[in-house]
């Protein structure tokens, strides 16, 4: 990293270092986030397209328990973002033990989200008979888009949990530096950020009181 | 260098075949077709000149500027030239598309006249069916459960609906000359495409959509209709004909068909 | 550059770490190149078989029966076999040749060297990207061997044909599923590659290598990577949705009331085939530029080098590359003029499509401007670069017809389209690859390729491709639809058979002539004339290091760049070329 | 933003207090969204306000949690215009969505 530090402001784009004064890993993660954001955008656009072109779009989520439940999920994810920031902050100050603790808290938030989400899926599939290819309330596309979108997001959360576990394990053993923790944090916040669009578009817009 | 004459000869040969019309459009049978051919000719002239000049210039520089051991003249370009050819091509290309918009508009922005003869088109793997509403001008109700190709009911027409009594179906499309026609195009399975070369018209038929499409053919004759969107293994066999008839012949055909029912 | 500390300065000693799972960008570049070489051989063979079938649909060929005992029983190729060959030809060529070779092959090898880096930014990701691409190729080729054979829905895989499963025809079952899976894997691989390329170009440039001193090849690789980053992300989503439609019973792209093969599909309801077309072409049009941009970069580099002149209008070239990349995202709708899309959107798309002709024209003019007053050295590499310019003009100009919805009313899905895109993104891009191969071969191997064989190969190929693809425009004008297994059912197409025969024989001769290239390539690896580090007297960084390059490219010396990339014939300079690293 | 000279890899900005404040704001905005759903506002207003709030939330996450506020402005300029452009471009799908709605067979 010493070269990056040495890169002065006047040599922004003239080579010899990152023009953003950040490490390549971080930049790479940002690029991944951009492309993944576009994948999610395409999915959300497909969802919107289907919804606009379908006459009988259902609103199956009752405010309680459906929306309240998903609000709690949102709370879990948002709070795990806060703990992740704390982990990055602690790591920047060289406090590895605190870092591990905060990452574990983040993993806890992520696991809670997944468990709640799985519960919700279970209820939908088993009790309300909404599946990916059928839906008793109206267009089968509701099930398709709902499970497609939330499934893709949940995959990301699960990958994130595994990723953070590896980071926590390594940090605890004195490996990896602050940048590595920060990069994993970027990924985690992104997963949180995507939920900030899925939650209103899929849940809140499908709610009936 | 050998490449220069080759580029020149190829260019001249290509231009020769384009100018000579050895393989060309069939004659148009509608006003739209004539307008289309004009737009094509203008575009061909513009692009042809650009093509000819660019290839000739390429041949010329290959022919002229060989390495002779001396140094080339040192130049990083010429901003004035860049600006000129950038704006020239921009004006030319955008101008072409704007000029052609009237043709697109007449097909797609303008609705069919109210007195247009309505014909329903149903495409399936790998056949065409056409339905005429008959004297009452109303298409009978259909139901996909009633579709029976072997039984001659490709549209699934519901016999119980009185409007369906005089509906006429046909495997090829017959239209009266000089009268506006409106097609209501549906596909039963995959995407097909209705293409009549002589009309200079083409439209995809997308399942799940009823696509309206209008035209007017002025010249009596029989014209082939190939499916022009890949629809499966029999794509190349999906053929029908458009028969443009005189008004009297067309009415006679309608009567004959009604009598056969 | 201690940020590169993860790249050891010694090559790993084991064979597997050194040549198979190598982290070295040079080895990975060569792996990509040979993957594309295999794919192009396969794709070309398929195309020759297709052309043969079109002209002789009833011929009995025992070879066909040996290869495909069921779908070519008795040696006669069935229409579905023809369509599956066509689908695989398109898919393999677009994804595994045009996307991998110019970008991942040449780019991997030469981007780090040209910018003065020791390796790519993420060597492990680079290796994973290659092996993921390899996996995608295996899955794609496996589609030939499953029951029903390869898919027949075309490389665009339009649903419902591609979505409803085996009832839509043989190959639409397992074959089409494998196709979608392969494309999804390929997307993942391309995204890894794109991230790596962008990070490398932005972060790892040597001191003094400012953006405006980048060789134009690097600019095109950078912009191509950005297009890939955005485009493949969308294709990935589309592929996942199509896969769900096929396997999980969803109906994103399948409307209600479909009756396929006399079966009413009750479980599908509500989707729209147009959605797939939008998502697909949102990727599909930038993909065209993914294929052609690196070729433009190579052509620019070579024209300047062998004309011994600075590139005409470097900045204009850079802006044109950026402009093409930017506008490339605005024009996907021109593939959908006839699709039932909103006609007002079609109008907007057509204006934008025409605008993209402007930067393309700038590039052409600048290439000719570069050659004007130059001292051209006619090496085989240069011939291919000149051929690229000629083909780029010929192929690009027909886009002016297709970009107008008014004219597309006739030309959509005719051979005019086939001729257009084969000329520009097919052959022109491949000429870029040939040019790059002849130009960089001495750097990779330390030997020159044989010029005599190269020139014979060039002339046959150049004339051959014009003979194959120009007549397609006339077929299109006569209204011949594409993707037809044979033409015997239509009177007007029967009249066009002489053109088809001519094209087929031109294709056979051109395809056979490619053997000269393969022989030349493999012969020259062993027997080519040995040469020094800079046989072309070129200026960019790769020519300042030994051939083949040492493991860490610059043998521990960090290059410092003092000049722009194309300083030829500088007045008062000691040589007629000034290397980028030459002192001020 | 761009003149954060000390903005090198492992000296990132933000304090625990600022992160907590952002977290609280995010929760409040989420609560507003949920309230909107509870009130059953008309669909178009609902969609607009939800998307507006979500974009604000996303911006806060990106700026503070993901530290983009403390990076050089050029990084922001490199990454986001292309993403936003692509997403906006996809809105061109929508006329066809309503077309698919109006032209569906009866």
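Read from first to last, the chains carry the letters A, B, C and D; within each, the first residue is number 1.
The rule we apply is simple: a contact is a pair of C-beta atoms (placed from the backbone, for glycine too) under 8 Å apart; a residue touches a chain by one contact, two chains touch by 3 or more.
Everything quoted here is computed from the prediction, not taken from an experiment.
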Task: Between B-C and C-D, the pair with more C-beta contacts - done: B-C
Task: subunit A and subunit C: spacing of chain centres that average the CA atoms, whole Å - done: 34
Task: Gap in Å, rounded to a whole number, between the CA centres of subunit C and subunit B - done: 29
Task: Distance from subunit B to subunit A - Cα centre to Cα centre, in angstrom - done: 48
- [ ] Send over the residues of subunit D in touch with two or more other chains.
- [x] 78, 82-83, 86, 90, 93, 96-97, 99-100, 103-105
Task: subunit B residues counted as touching two or more neighbouring chains - done: 208-209, 211
Task: Overlap residues in subunit A, where contacts from two or more other chains coincide - done: 1, 4, 19-20, 23, 27, 31, 34, 38, 42, 49-50, 53-54
Task: Pairs of chains satisfying the touch condition - done: A-C, A-D, B-C, B-D, C-D
Open item on the list: Using the touch definition from the top, list the residues of subunit C that touch subunit D in their complex.
Closed with: 202, 226, 230, 234, 255, 257, 272, 274-275, 278, 282, 329-330, 333, 340-342, 344-345, 348
TODO: Using the touch rule from the top, collect the residues of subunit A that touch subunit C in their complex.
DONE: 1-4, 11, 13-20, 23-25, 27-28, 31-32, 34-36, 38-40, 42-43, 46, 49-50, 53-54, 132-134, 139-141, 143-145, 148, 152
- [ ] Spell out the residues on subunit D that touch subunit B in their complex, using ranges where they run on.
- [x] 99-100, 103-105
- [ ] Flag every residue of subunit D that touches subunit C in the complex, lowest number first.
- [x] 78, 82-83, 85-86, 89-90, 92-93, 95-97, 99-100, 103-105
Open item on the list: Which residues of subunit A touch subunit D once you look at their complex with the stated criterion?
Closed with: 1, 4-5, 9, 12, 19-23, 26-27, 30-31, 34, 37-38, 41-42, 45, 48-50, 52-55, 63, 67, 71, 74-75, 78-79, 81-82, 84-86, 88-89, 92, 177-179, 182, 185-186, 189-190, 192-193, 196-197, 199-201, 203-205, 207-209
